[in-house]
Amino acid sequence: DGHGGPYAPYAGTTLVINVPAHPHYNAMMKVLPEFTKETGIEVEVDQLQYLKMRERQTLELTKDEGDYDMIAYVVFSKADYVFADQLENLAKYFMNPKLSDPNYDAEDLIDGYVANIGVAGGKKGYLPGQTGSLFGIPYGSETSVLAYRKDIFEKHGIDVPQNYDQLLDAACKIPEVEEGMGGMASRAASGHQASHAFLLHLAPLGGRVFDDNWNPIINNEAGVAAANALKTIVDCGPEGSQTFGPAEAAASFSQGTSAMFMDSIAFAAGFEDPSKSKVAGKVGYALHPEGVRRGSQTGGFGIAIPKNAQNKEAAFLLMQWLTSKKGDLMAAMNGGNPSRFSTYQDAGLNAKYPYSATFGEALKYADPDWRPIIPTWGKINADIGTTMSQVLTEGLDPQEALDGVAARAKDIMSEAGYYTWQ
Amino acid sequence: MQSANVNRLTPYLFLAPAALIMAVALLYPIGYMIYASFLDWNPSQRIGEADFVGLRNYVNLLSDAAFLESFWVTIKFAAIVVSVEMFIGVGLALLLDRNIRGMSLLRTLFILPMMIAPIVVGLMWRYMYHPTVGIFNRTLKSLGFETVPWLSDGSWAFASVVIADVWQWTPFIFILSLAALQSLPQSAMEASRIDGATGWQQIIHIKLPLMMPVLIVTLLLRLIDAFKVLEVILVLTNGGPGLSTEILSLRISRTASEFRELGEAAAMSNFLLILLMLLTFGMFFYNKAVEVRAARLRAAAEED
Amino acid sequence: MPKITFDQVAKSYGSVEVLPPFDLALDDGEFTVLVGPSGCGKSTTLRMLAGLETLSGGEIFFDEKPISKLEPKDRDLAMVFQDYALYPHMTIAKNMSFALRLARAPKSEIEEKVRRVAEMLNIAPLLDRKPAELSGGQRQRVAMGRALVRDAGTFLFDEPLSNLDAKLRGKMRAELAEMRDTIDKNMVYVTHDQVEAMTLGDRIVVMSDGLIQQQGTPEELFKSPVNKFVAGFIGSPSMNFIDGELVDDDGKTWVHGDGFKLPLDLDISARMNDVQTRAVTVGLRPSSLTTDISRGAPIELKVVVSEYLGAQSVLVTRCGGADVLVETQSTSPVRAGSVQTFGVLTNEIMIFDKASGLRL
Amino acid sequence: MSDKTYDKQNPAFYALLVALVVMAVGPIAMMLMTSFKLNVDIMSDTSSLIFMPTLRNYETALCDFLWYEAAHVDYCDKTFGRALVNSLIISLVSTVLTLVIGCMAAYALVRFRFMGRDTVSLSTLAMRMVPPAVLLVPVFGIWTFQFQIDGTRAGIILVYVAMNLPFVIWILQSFIVQVPIQLEEAARMDGAGPFQVFFLVVLPLIKPGLAAAAIFTFRVAWNEFLLANALADRNSRTVPVTIVNSMTEFDIDWGVIMATGMLLAIPPIIFTFVASRQIITGMTAGAVKG
Amino acid sequence: MPKITFDQVAKSYGSVEVLPPFDLALDDGEFTVLVGPSGCGKSTTLRMLAGLETLSGGEIFFDEKPISKLEPKDRDLAMVFQDYALYPHMTIAKNMSFALRLARAPKSEIEEKVRRVAEMLNIAPLLDRKPAELSGGQRQRVAMGRALVRDAGTFLFDEPLSNLDAKLRGKMRAELAEMRDTIDKNMVYVTHDQVEAMTLGDRIVVMSDGLIQQQGTPEELFKSPVNKFVAGFIGSPSMNFIDGELVDDDGKTWVHGDGFKLPLDLDISARMNDVQTRAVTVGLRPSSLTTDISRGAPIELKVVVSEYLGAQSVLVTRCGGADVLVETQSTSPVRAGSVQTFGVLTNEIMIFDKASGLRL
């Protein structure tokens, strides 16, 4: 057929890809027909809820012959898949002149995302560095911004918070001045959500979970400050905050029961949709406030080729196409999250989504090391989550709580062999 | 009672399909799992690649405060929901075992909660427990009462989870008790009416004793299931706040998928299994003992 | 003890009417026997009285009090069920004492009563067994015992002796007869066995197809049945019926039929004068025929079978097309196959309207 | 049974009944009601009874069934129809298989005295105790690497049958015990072999138990998520998997969730209506004297 | 049809031995009746033959073939159960045709047979009902019908008529008797009713307490019972027993007792000469006493009650301490309370050893 060039050998191939049910990937679905038209490669999509997707992939990747040619993976899966040697190292594809697009412009990819999602084997094992290599490309990645109610802030003459002091002040002032409204809606539910919320504040307040020698330092002053910040936010938040997951928190903001929401940029589209949101048009977006430093979260998804895939080369072509400047922009125009700086600067996108500029700005401070992506993370994460939940609901002392977490984390790390070299 | 001369093979023929399927699709995986409890195994590995660590997983668990806490939560949860459900379920069955118009519709209505997928039940209750738009708090507020922190306070969350479980699973007891009630010999019931039994006396002296075999089985099954409740709690509280609703099966599930420690999850399951076994054997042998005692008494009575 | 009155009581199952509306009055302290062929509605009547079946119409009164809305337990009854209805999970002792325990009778009294009744019923050694471990007749006795331990105002018995052997039955019958005479209770007794009915009943109610055919004392029913059904049902072996025609001859009334001519006694023929019908059925009890021809009008019958019953034998003979049973002493030598002349005790002949079956 | 007269009850009884029905069905009714609301209405503070009913949530859930394009649906999952067929086949087949096989086993356990009967029935129960979360990985491994039936409907049916068997066996045992043994004796005298006795006499008599067991089995097979998610591939995926997979964390659209929840609930509800009809009073009346 | 032999067959339930080892041979084509009081092991014997109970010892042979390991269905039997055991989920028609359908008989044949048997049993109108909708007697007839439609080699009946009224029972008995004569089948029939046993059986086996007391033809059992038990069980009303002492006087043997002195006939006294025992029990059938004193040795009895049975009455009289029943024609006028002289037919007197109960 009429598809020439690099795609010709693969025209007619059907790729099976596994992606999460997520607004970004819904956007991807809309651009895939264009890919097929251009290349003659068919794509069959298997879309799953992201945690379930992770479980399925975990099993799927152990098979001799996998069903999936390309997978989108949750950021913290990187450690597991790479550690188990289940993802293709992308170097050999980028080295292959028949496959690699010379105009790809990898420098344009948002470096924080690449570091966080794509690279493994460098510093601390999960960060870039001399020994690192690329296993995936960020696609549908996110960082955190502060969404706030312009109207409310104006009405009561509150300034948009630039730093954490202002943030906490604003958070507790609002319930006093605006009846029935909470300050900031935050995730807080026991487990992953509480942990996520805590870590969100930990990095800007100068903390880390581990020092460079894998010693837990989560219980240092910064850690306690982050826990206190979270507790303040939740206490001044809307009713029932203690059990919020991201959806409830976002709903609280979009239904006008709280004045601020600090979480992933992926929620923005929903706030601006009048059929779902009561605050469309009243929302302002600002950078994640500064603590000791700036540091917004990095998260979301990347795409990679499983070791047991059947059509690896065609899959690489799809991957490259999707993350190319053109592909990235198309997805972004359909409501996806850009992975390239150039996309954020695109005039058309800024016209359609005015907040894009702020998001692009936020990316500069995206912190790829805000949480450690190591195989033992799941367990430590869960422990932080439950302990933090106890701080929020049962009045457990933050210092005591974090000391406990640190001690348990130490055990876990020790058992996993992180102190072998000390 | 026992039939004579049954072809020796017949019982085995009747059992064969079930035995085969359970051996292949249940026993074998369970064996796999028991073996796995001695491994340090993460789900990205094939079982062959995992390291053998002996009893390490078990030892770790015994000193794991979170595990012990959830063990206790599990026992508390199971004991409470099962007793409440037995009480309401059997009560309802006794109440509704009547010949009134529209009964079959009613019966079906009472079974409905059980038929809803657990995930949906979780979501539904989570919506109802919603701090502001949920029906409970809304009603409380409109009646001028304090709202209740349904899911955001440890004790309330535990109660909320219990309520949802009772709502969903009482029908289980109800439907089995009802079926049992309805296959009781009618003539015995008539005789007791003539003998002057009031409604209550009929229940206590005739219905309950005759239903006992079914009730015991039901109780056991429900108990086992209570230890296995997962989705509803997962959706409602994810075990929180803190560990207040983290029952063992949730912990197992999280250990397997979040912590990626299949070996430890398997060891935990084995603890759960042992606990349940003890319970079951206890009940089983208690029953046996009662039977044997009755038989002995009878034999003794015959001798003199 | 109340006087029990059925007033236009009726029963249907769906569209099947098993009992058309009927009246029945049972006197206080009376022993009433409901007797009739299988399926005629005896059990149903009893169960309505017990409160186990709803009435489709009418009302039952205890003295003046309507009771159809009362629960069985409020009717002060004890009952023996045709199908035993024992409690499968209780031992025999528990089965029997259940009602007393419900009534919170003192323990010693319960034990005493159960022991006494169990001894009377020959089931004392079985008291610790469960119903499933008993033979049919033993179960029936337990069912009986369960009612007898009680101190109810009215006792209902639904064929309580059907599974017992003759001797035990005789004994039980005697016990019941004694109860009848010594205690002042209402007893309503259902049976298909007319011997039981005759020996036990103060009053017998004969039912057939849901209808009450006749009620009266045993003797009334035997001597003056109102119709062919009652005549045939009461008495064993049952009455022989032969079709015939009334013929007036010689100032006497005769009945002629296929193979016989019998003169009627004066008092019978007197009644025949008022009757239009000439086509009749002659009723002859097997005991009204004798081998001693001197004692009655002669009739020639062909002996088909001789059934040996011990002291008596029953001869099955043929008269025209009809079978005629004759009761004889086993000592009288009659050979099967022979034709023999028997004497008919003419004063015992009964005449029925052939069409309606009513006695003339 | 043709006795169509009904007992009269006092008003308090009816009042209690109504209260109970409200408790049992209330949450479901609420789910139904919510499924007709827009998310804005759901989240608003106004009274929950006054709202503009809308079918939009159902349009969203069923978008690939619609003959028109619902304007508001910007992304439509095309797999719902296929999943529905899968679910129906898997649940029905596994229910029937479980009942037949389980019933036979239960019968053998009750009626025949043979070596190790108690052991068998105890281990049957023990097997029920294993949480599916734990079986997940072994089952996946075994099905994939040893039986090679991963991704097939048969594979899923096999797990469901195995999972439900212990329950069915246990529950039916207690019902079979109640069938008068005399009936089986009569059938044997009538020339029935063990299988005929079982299928022609015992099975019809334990209908109430079967109906109850069927309801539970169907329910598990229909609603099960964990194992189906691991074992099914794209073509054999069931409805719960599809539904859970289409839920995102980004906005909980309660309306759509309630609508899909309703859709998921309807088949088991229908099944319940059919099956619970079988729970009839007094099956064995008149069979034996006892 | 096979000859059935029980060889040292025994049965225990746990530690309770209900049947000690016994032998019994039933001839090919014979109608055997097992009769005995309730709980004596009749049903158990039948059920072992049917294959429904395991043997605790011994073996049953059909001709030469041991069958105790065979399934019931392989023994070529049809059976009527004492407790009906109807299939509650099938209509009557289906109940009756079940065996034929299992045997894949042609449809028309099944219908024809069911119809014929149903008519014979008077249950044709009930064919579409379920067992729960029948009366007790109707259920019993269905149970009977279910066996009769079949074409088995051996028929087993466990009290098949106990719930039927006299008339129907008579009719059924006649049908069975006809079957016995016309078809060449083994029939084993359990009953507690000695009348049924006498009229139906080619051979009667009298059981008591798990022991076979005597077997033989009806006449043998009536005329020559081996012991007191059999003598008392067979015959209705049952034999009177009075204790006495043998006294030789005047070249004759007499039996003296409380209130009577009876001479023995020559053939009886001849047998008495060989006997050591002097303490005996005298057996007198109610029919051996007559109001016609010319016909026998005189005896004076006090009449206590007169039970009216229709043509006959039974007088309950007292002789010393013992009750003595006397059967009389209802026509003979005897008043209760009077002391009366009766004639004893001395040739019918039976003498039993008082200690062992054996007949002398």
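As written, the chain order gives the labels A, B, C, D and E, with residue 1 at the start of each chain.
In this section, a residue touches a chain if its C-beta (ideal position, glycine included) is under 8 Å from a C-beta of that chain, and two chains touch if they have at least 3 such contacts.
Worth saying up front: this structure is predicted, and the values here are computed from it rather than measured.
J.: What are the chains that subunit A and subunit B both touch?
T.: D
J.: Which chains touch each other through the most C-beta pairs?
T.: B-D
J.: Let me spell it out: compute each chain's centre from its C-alpha atoms, then which one is farthest from subunit C's centre?
T.: Max centre-to-centre separation from subunit C belongs to A.
J.: Nearest whole angstrom, what separates the Cα centre of subunit C from the Cα centre of subunit E?
T.: 22
J.: Cα centroid separation between subunit C and subunit D, in whole Å?
T.: Computed from C-alpha means, the inter-chain centre distance equals 56 Å.
J.: Suppose each chain is reduced to the average of its Cα coordinates; what separation in Å results between subunit A and subunit D?
T.: 38
J.: Name the residues of subunit D that each touch 2 or more other chains.
T.: Within subunit D, the residues that touch at least two other chains are 2, 5, 43-44, 137, 141, 145, 185, 188, 244, 282-285, 288-290.
J.: What residues in subunit B touch two or more of the other chains?
T.: Residues 1-3, 6-7, 43, 46, 132, 185, 187, 257, 302.
J.: Would you pick out the residues of subunit A that each touch at least 2 other chains?
T.: Residues 55, 59, 62, 248 of subunit A each touch two or more of the other chains.
J.: Would you pull the subunit A residues touching subunit B in the complex into a rising list?
T.: Per the touch definition, subunit A meets subunit B at residues 51, 54-55, 58-59, 61-62, 80-81, 83-84, 86, 189-194, 238-243, 248, 257, 375, 378-379, 381-383, 386-387, 389-390, 392-394, 396.
J.: Along subunit E, where are the residues that touch subunit D in the complex?
T.: For subunit E paired with subunit D, touching residues are 47, 50-52, 71-73, 77-79, 81-89, 98-99, 102-103, 130-134, 139, 146, 150.
J.: In the complex of these two chains, what residues of subunit B are touching subunit A?
T.: Per the stated touch rule, the residues are 42-46, 66, 130-132, 147, 149-154, 157, 237-243, 246, 254, 257-261.
J.: For the complex, which residues does subunit D have touching subunit A?
T.: Answer in residue numbers: 38-40, 43-44, 72, 74-75, 77, 137, 140-141, 144-145, 151, 229-230, 233-234, 241, 244-253.
J.: In the complex formed with subunit D, which residues of subunit B make contact?
T.: So the residues of subunit B in touch with subunit D come to 1-3, 6-7, 10-15, 17-19, 21-22, 24-30, 32-33, 36, 43, 46-47, 92, 95, 98-101, 104, 106-120, 123-125, 127-128, 132-133, 135, 138, 167, 171-172, 175-176, 178-180, 182-187, 213-214, 216-218, 220-221, 224, 227-228, 230-231, 249, 252-253, 256-257, 262, 265-266, 269, 272-273, 276-277, 280-281, 284.
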